[in-house]
Every structure is written in C-alpha cells, then in structure tokens.
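Below are two complexes that have chain A in common, paired first with chain B and then with chain C.
== the complex of A and B ==
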C-alpha cells in the first residue's frame, strides 16, 4: 500500500530576488507502508527542503503530496492531519529540547495532540523504551544528559506522537561510532516493531546501505536515482560524479573487481566482505 | 617544556554544576608540525581539550603552554590566538561576511593589518584551500565542503602555526569530507602547520601521524594510527571503532586467514592480492 506519493514537486527559494535558487525540480516518487527509505545527496542537493514538504512545513510551488490517498493541498484538507501522520525529526534535534524534565519533553507532542493523561503516559513510556531511555532519567533535566542521550530523547518526543511515517534528517550526524550504531539500530527496530514507515536523510553511505530497503538519490534538486540499495550502490562512478560515494568496504571490492578478481560488489559490511573473499583464497583455510 | 609546541601538564577542568570532571589530569605534548587526531566518545572531553589550546577555556589546575605562552597569561592571549586558529563543526555559524574574500579578510581587518598585506594574505589563503575561483562568491551559495574550506582560509590568513579543528566534516557529504581532509593534510605537509583534528570518523584519523584517544576526561590511548587501531576491542569498549578496512582484516583473521592488519585501503589491497586466486 502506498502511504506517500510525491508528484512533480518543485520549489525555489527567493523567486524574483537575486537569491533565487531552484531547490527542487519535478520530483516524483512513491513510498510503501513499512518501507525504510534513505535519501542521499550532496549538501545543497535539496534533501532537507524535500523532507520539509512531507509534513507541509513548506508548501510546494507546484506539484502535489498525497498522504494515504489524500492530496494535502486540496481545499478543506486539515493540515494538522499531515503533521500527525508524518513525524519530522530535524538535524541536531537535541537543540530543540526545552522542557524541565525528560518526561515532559517527550510528553510535549502527545499533550498538544489533546490526548488523555493516561494515554500520554503510556505514549511516553513506550517511546522512551523504544529509544532505550531508562525510566530513572524521566525526572532529569534534558540538559544534563550526554549528547547521545539528548539525541535519543529528542527522537522519542517525535515517536511519542506515533506518526505513521517517521522522517529523520541526519539522525546519527555528530555521534560517536557507538552512539551512531545505537541510534540507527533503534530506528530500525522501531520500524520492525510498529510496521511504520521510516525515511532518513543521510550523508553516511554506510548507514543507507546497512539499514534502508530503498535509496533515493538527489542531485541539484532533481531525483537522480531511485532504487534498492544494490541498484543504487552498483553505480559507484555515477555517485562519485555527484559528490557521493559507496560504503568504504564496497570501494575495496570494486577496486579488486577492477583488478580482475571475481568478487561480488553488493557487499557493504566487513563481515560480509570477509565471507565473500574466502572462496577466492589460494590456500584452504581451516 | 619549551621544546614542545603544545604542552598540557596535569590539566583538570570541571564545568560548573557537573559532578564529573571534563578533563582529569591530562598530560599531553604535541610537537611542531605534527598531524594529530583526537578521538573519543561524545562527552569524553575532546572539545574541552581543544578549547584549552587557544585559551577559550583555561586549566583549573595544571598548565597548558602553547607556542611558548601559558594560556592563563591574559596579557598574551591575543598573541596566542593569532598563533592557534580554530575551526568548528558547522560552517554556517562561522562565516560572517556576504562575499567569500571579505569573510577571509575579517580577522585581518579587525587586527588592523595594512590593506595591501590583507589582499596578499587573503589571496594566498584562498589559493591554499583551493577556493580562489570562488573569492567573489556569496558564502551561502557554496557547498558545505566549500564553506568549510573558506572557514579554514579565514584562519589560515592569520598565518597561524597551528590549527585546531573540532569535527570539521561532521555535516559534510562524502566529497566535502574528502576535500576538507585533503586541504588539512596539504597544509600540514607543505606548510608545516601543526594540526589537531577532532573527529568521529576513524578513516580520517587513520590519515594522521598520531592518534590520541580520550575517554571520560583522560588520555586512554596515544600512538601511531597503526598501533592504536590494533586495539579494536578496547576502542569498542569506549564507544569507538576501527576503520572499516581494519574490521575487514579482523573479520578475515577470525575466519582463519593470515593477513596483516591494515588501516588503509591501498595497503590492504596489496596484501590481499598475494592471497587471492585470479
């Protein structure tokens, strides 16, 4: 089932001024329920502008956004519905923490939705548990937490609104390797447990390859590629030409392939690469 | 202590209202011309340490001497800061002017440098980071990697002996990351500028001469990348990792393959080719 369809979307900044910039031009794609989609692209390629359209923070200058079969720009459509269907987690969301306690910060969204006290509580508890935030932290000030903890609290605040589509702009940027793996793993588990759709924007080719089912590649405001992880990352030279790359492990295999070794190219992790190299070794390994 | 360019001796620092110290008795020497990566989990004290290197923060106990100045000596703070420049994570927070070359000239104008000299230094700095052709561009129209190189040029125009970069590539795409790393390495190799690079990318650390790993406010490991990345498990325990190519070596070793541990792709490819049929 298609939950989100973007049709011929275009957007420019500063029309009629010297600062005119075409940010998105004629973008179309569909996203199915429960999919994990990564959006990659060079800085300034339009990724953040695109995601800000998905919950109607930015209104397209032309084209349409269809959420669960309904055109959100149609007259009479309640824009609040779009905001509740699509939960948007911005870059460095920890800068948006503001409440006195972790509990209240996570509860802020559900409260504004007008839910009952008991429903709010159960939302906060389940969102916190999804992001591995221990109950003992509920009464702490969010500002006393470590960088990784703050990030997880901020994401929990959006998850607590139970959006059908969770969109995260660079959810792991600036985190250390362990924090990065943890955030990505928790998002992936959240998707599995709820069946909700997840869209991430990322500069990490590794994260896109490891977690996504499908990758959308933006280049200068246009949809450049749209395919499975394998389909996208087999185009290493094209990605390179638009400022992107393939995961480091894949790079190694591509280089060996170019030297004439029969190695597979759709391998993205060290463990899988080791297994893929094994049959090609001269000596039998015990 | 005079022989080291940067010398930290038993440095302790506590942020107000925090129970655990951000830096606990850190002692560390960095020589002129070194290219040093500082790794550590979020909150390990990396940025706090960096801020001690040009006197943004000063040691509550212990001493930091940089370029012969004690960072606590307020009379010399401007001399110190003109020798040690800093570049931060978000390029958008660091660019102030509406034209690239004016941005690079900003600090020099504030220092009252002669216009002719400013022209010369700005041109040289932009040349050094490969941004000359953009000198009349508007900063907001540049890519992230380009903006970050302009920020580096702004520091470079002050002719510093040392540049401290705090996660300069965290917000950049792969090409931007590569451009910034190439620029940093070039400045170090060709101009002998001492570089302290704070990063969460193990691949970037592997390109440096030396890696200092911080953990909970202390120096946890300190050595050449090849040595430091031998400690895969130890690094994992403190929230870090090894470069992907090193994990690949480790995975192969676990499967019984006798291959040397590499920290860069080219070395690995050379080694694995000796073992492959083809």
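== the complex of A and C ==
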C-alpha cells in the first residue's frame, strides 16, 4: 500500500532576487507502507528541502504530495494532520529541546495533539523505551545530558507522537561511531516493532546500505536514481560521476572483481565481506 | 518568511557605488538626509527622488528589491496619511464632516511626508545594499577614530557591531529551524489569545537563547586562541582608501544639496 506519493515536486528559493536557486525540480516517487527508505545525496542536493515538504512545512511551487490518498495541498486539508502522520526529526534535533525535564520534553508533541494525561504517559514511556532512555532520566534536565542522550531524547519526542511515517534528517550526524550505530540500530528496531514507515536522509552510503530497503539518490535537486540497495549500488560508476560513492567495503570487492577475482558485488557489511572473501583466501593458500 | 527580510542585506555587485569608499558612503548618506529634509520646493523634491532612482540604476539593484524593503513600512505610511489628511489644520477646506476635514494644506503635508519616508528608507538602504558589513564597520571605526583621543573605545564598539551584524542572518536561520522543528511537534504559534501565544514562544526562545550563549562562548574562545586582545596595535588587511571617484562624488553631492536648498528660496 502506498502511504506517500510525491508527484512532480518543484521548489525554488528567492525568486526575483540574485539569490534565486532551484532547490528541487520535478521530483516524483512513491513510498510503500513499512518501507525503510534512505535519501542520499551531496550537501546542497536538496535532501533537507525535500523532507521539509513531506509534512507541509514548506510548500512547493508546483507538484503535489499525496498522503494516505489525500492531497495535502488541497484546500481545506488539515495541515496538523499531515504533521501528525509524518513525524519529522530535524538535523541536530537536540537544539529543539527546551523543557525543564526529559519527560516533559518528550510529552510536548503528544500534549499538542490534545491527548489525555494517561495516554500521554504511556506514549512517553513507550517512546523512551524505544530509544533506550532510562526512566531514571525522566526527571533530569535535558541540558544536563550528553550529546548522544540528547539526540535520543529529541528523537523520542517525535516518536511519541506515533507518526505513521518517521522522517529523520541525518539522525546520526555529529555522533561518535558507537552513538551512530546505536541510533541507527534503534531506528531500525523501532520500524520492525511498529511496522511504521521510516525515511532517513543521510550522506553515509554505509548507513543506507545497512539499513534501507530502497535508496533515492538526489543530485542538484533532481531525483537521480531510485531503486533497491542492490540496484543503486550496482551503478558504482554513475554514483561516482556525481561525486558519491558506494560503501567502502563494496568498493574493495569491486576493485577485487576488476582484478579478476570471482566475488559478489552486492556486499555491504564486514560480515558479508568476510564470508565472500574467506573461500578466496583458502584457494590462494592451496 | 523570515528570510524575506531584505534590509541590511548586501547585494554583491561591481558598480561605481559598490566601489566607492565606505567612509564616503556614510558621509554621503548623511548629506543625503540633509538634502532630503531641506527639500521643500516641488522641484527640489523631484530632484531628490530622481537622484534616488538614479543611484539605484547606477548600483544595478532591481527596483523590485526596493519595493520589497518598503513593504514593512506600508502600515506606517497609511497611518500617517490618514492622520495628516484629516486632522491637519489648514485654511483651504475642501471637504468637512464633523471633526474630520480635508484641507489642501493637509494633502500637501501628506505628500511631503510620504516623499520623505520613502526617500529616507530607500536612500539609506542603499548604503547596506552596496557595502559589506565588514567595510561598513571598518568605515565607522575610521570615521570615529578622532574619539580615541578622549578614551572612547572605538575599536571595541566597531568589533561589537561587526559581530552583531554578522550573526543576524545566522540567528534568523536558527529561529527558522527551531520554529520548523517545534511546528513539526505540533506547536501552534498562530491561534489563541495573547498570553497563550506568548507562552507558545517559549519552545523557540529557550533553545534560541541557549544556542546564542553557547555560540558567544565559542566565538570568544576562538578569538582568544587567535590572540585577539582589543584594538591596540592591531593592523588592517584592507586599508580604507579613497581616490578620484570619491572626491568627484563628494563634490557632486555637495553641489546637488546646495542646488536643492537654494531652490527653496527661488520663486517661480
């Protein structure tokens, strides 16, 4: 079932001034329920602009966005509904924290939805446990936490609204490797447990390959590629021509393949690479 | 929406106006204001308006930009017009209804006021349109340097201005970002009474203040680690220079102002 459809979306900044810039041009794609989609592209390729359209924060000059079968640009459409259906976690979301306690910050979204006190409580607890935020942290100030903890609290604040589609803009940016893996793993588990759709924006090919089912590649405001992880990373040369690359491990295998070794090319993790390379190693020893 | 603010924004270009010495441009702006407020004759005002348009054409700044920067003052202009037109006491009554009366003098006065407000905004906006904030503060520092003799902290003041100007766009961008983030969490800034709306601003103000304070601390550390210690003995990479262009423009400005003022005394 298609939950989100973007049709011929175009958006430009500052028309009529010297700062005019076309940010998105004629973008179309569909997203199915429960999918994990990664949007990748260079800085300035329009990734962040694109996601800010998905919950109607930015309105495109042309094109349409169909959310659960309804056009969100249609007259009389309740924008609040779009914002509840599509939960958007911004880049460096820890800068949005403001409440006195962690609990109240996570409860901010559900409270704005007008839920009952008991419903809010259960939402906060389940969102916190999804992000591995211990109950003992509930009463501390969000400003006392470490960077990684703040990030998880901020993400929990959006998840607590129980959005059907969770969109995260660079959720792991600026974290240490351990924090990165943890956040990405938790997001992936969240999707498995709830069956909700997840869209992440990333410039890490590794994250895209490890977690996503499908990859959208943006280049200079245009949708350059749209396909499964295998389909997209198969086109290593095309990705390189727009300044992107395949995950580092895949690159090693591609180079080996070029040298004449019989190795599979759709390998993205260290474990899989080990499985693929071990037989070769045994042959060489013989 | 917030990014629509154009006042104080620079328009990069390569025109004569862009190339003028920023110190002269500040002086010209002051001369222009004198000219503007001394212009009482119809011809004098026409010359001033033509001068503004001439400068915009010379600097190659689109007039649409000017109109955009005039937009925020429209309510003020309307307010002034209404007051002046109907409450100015004059002799030649055109129309009267209760305490409201329309006089020829009132109409004239309104015309003059509108001319002045529009000219003052568009004329002074030219300074920031064609001068980068660094040039501008350097020029202010240079113009105020005589005050150093009386121990006035000229350099510190200009450094403060540079930093403040530099961070306006950053803070606007940040406000935009935080607002979007809170809106995504269902925050509502548009409905409810005044108290409710003021409360709704907290989720924006707290993160904004916090990041401004953090940023200030980081900037201070960065400046200190590059050995900044105030203005004493500090040299400039770009020394302000004036040349023929500036002298000619200065003479032109003075002559034009003299002409506009003298037109006040000539009866046709």
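Couple of notes before you dig in:
We take it that the second predicted complex is superposed on the first by the 281 of 286 C-alpha atoms of A that agree within 3 Å, B and C clash if a C-alpha of one lies under 4 Å from a C-alpha of the other, contacts with A are read in each partner's own complex, and residues count from 1 in each chain.
Assume a contact is a pair of C-beta atoms (placed from the backbone, for glycine too) under 8 Å apart; a residue touches a chain by one contact, two chains touch by 3 or more.
This structure is a prediction, so every number in the text was calculated from the model and none was measured.
In the superposition on chain A, contact of A:109 is made with chain C only, not with chain B. Measured by the number of chain A residues touched, the leading partner among chain B and chain C is B. Look at A:281: by the touch rule set out above, it reaches chain B but stays clear of chain C.
When the two complexes are overlaid on their common chain A, residue A:261 makes contact with chain B while staying clear of chain C.
By the touch criterion defined above, A:147 lies against chain B but remains apart from chain C after alignment on the C-alpha atoms of chain A. By the document's definition of touching, of the two partners only chain C reaches A:57; chain B does not. Once the two complexes are laid over each other on the shared chain, residue contacts for A:188 go to neither chain B nor chain C.
By the touch criterion stated above, A:205 is placed in contact with chain B alone, chain C being left untouched. Across the interface of their complex, chain A is touched by residues 40-44, 89, 140-141, 143-145, 167, 170-176, 200, 202-203, 236, 239-241, 243-245, 247-248, 250-252, 254-257, 265, 268-269, 272-273, 275-278 of chain B. Looking at the complex, you find that chain C touches chain A at residues 3, 6, 11-12, 62, 64-65, 174, 177-178, 180-188, 202-203, 206-207, 210-211. Residues 19, 21, 41-44, 91, 146-148, 170, 173-180, 203, 205-206, 243-245, 247-249, 251-252, 255-256, 259-262, 270-271, 273-275, 277-278, 280-283, 285-286 of chain A are the ones touching chain B in the complex. Note for the complex: chain A touches chain C at residues 14, 16-18, 52, 55, 57, 80, 83-84, 87-88, 90, 93, 95-98, 108-109, 112-113, 143, 157-158, 161.
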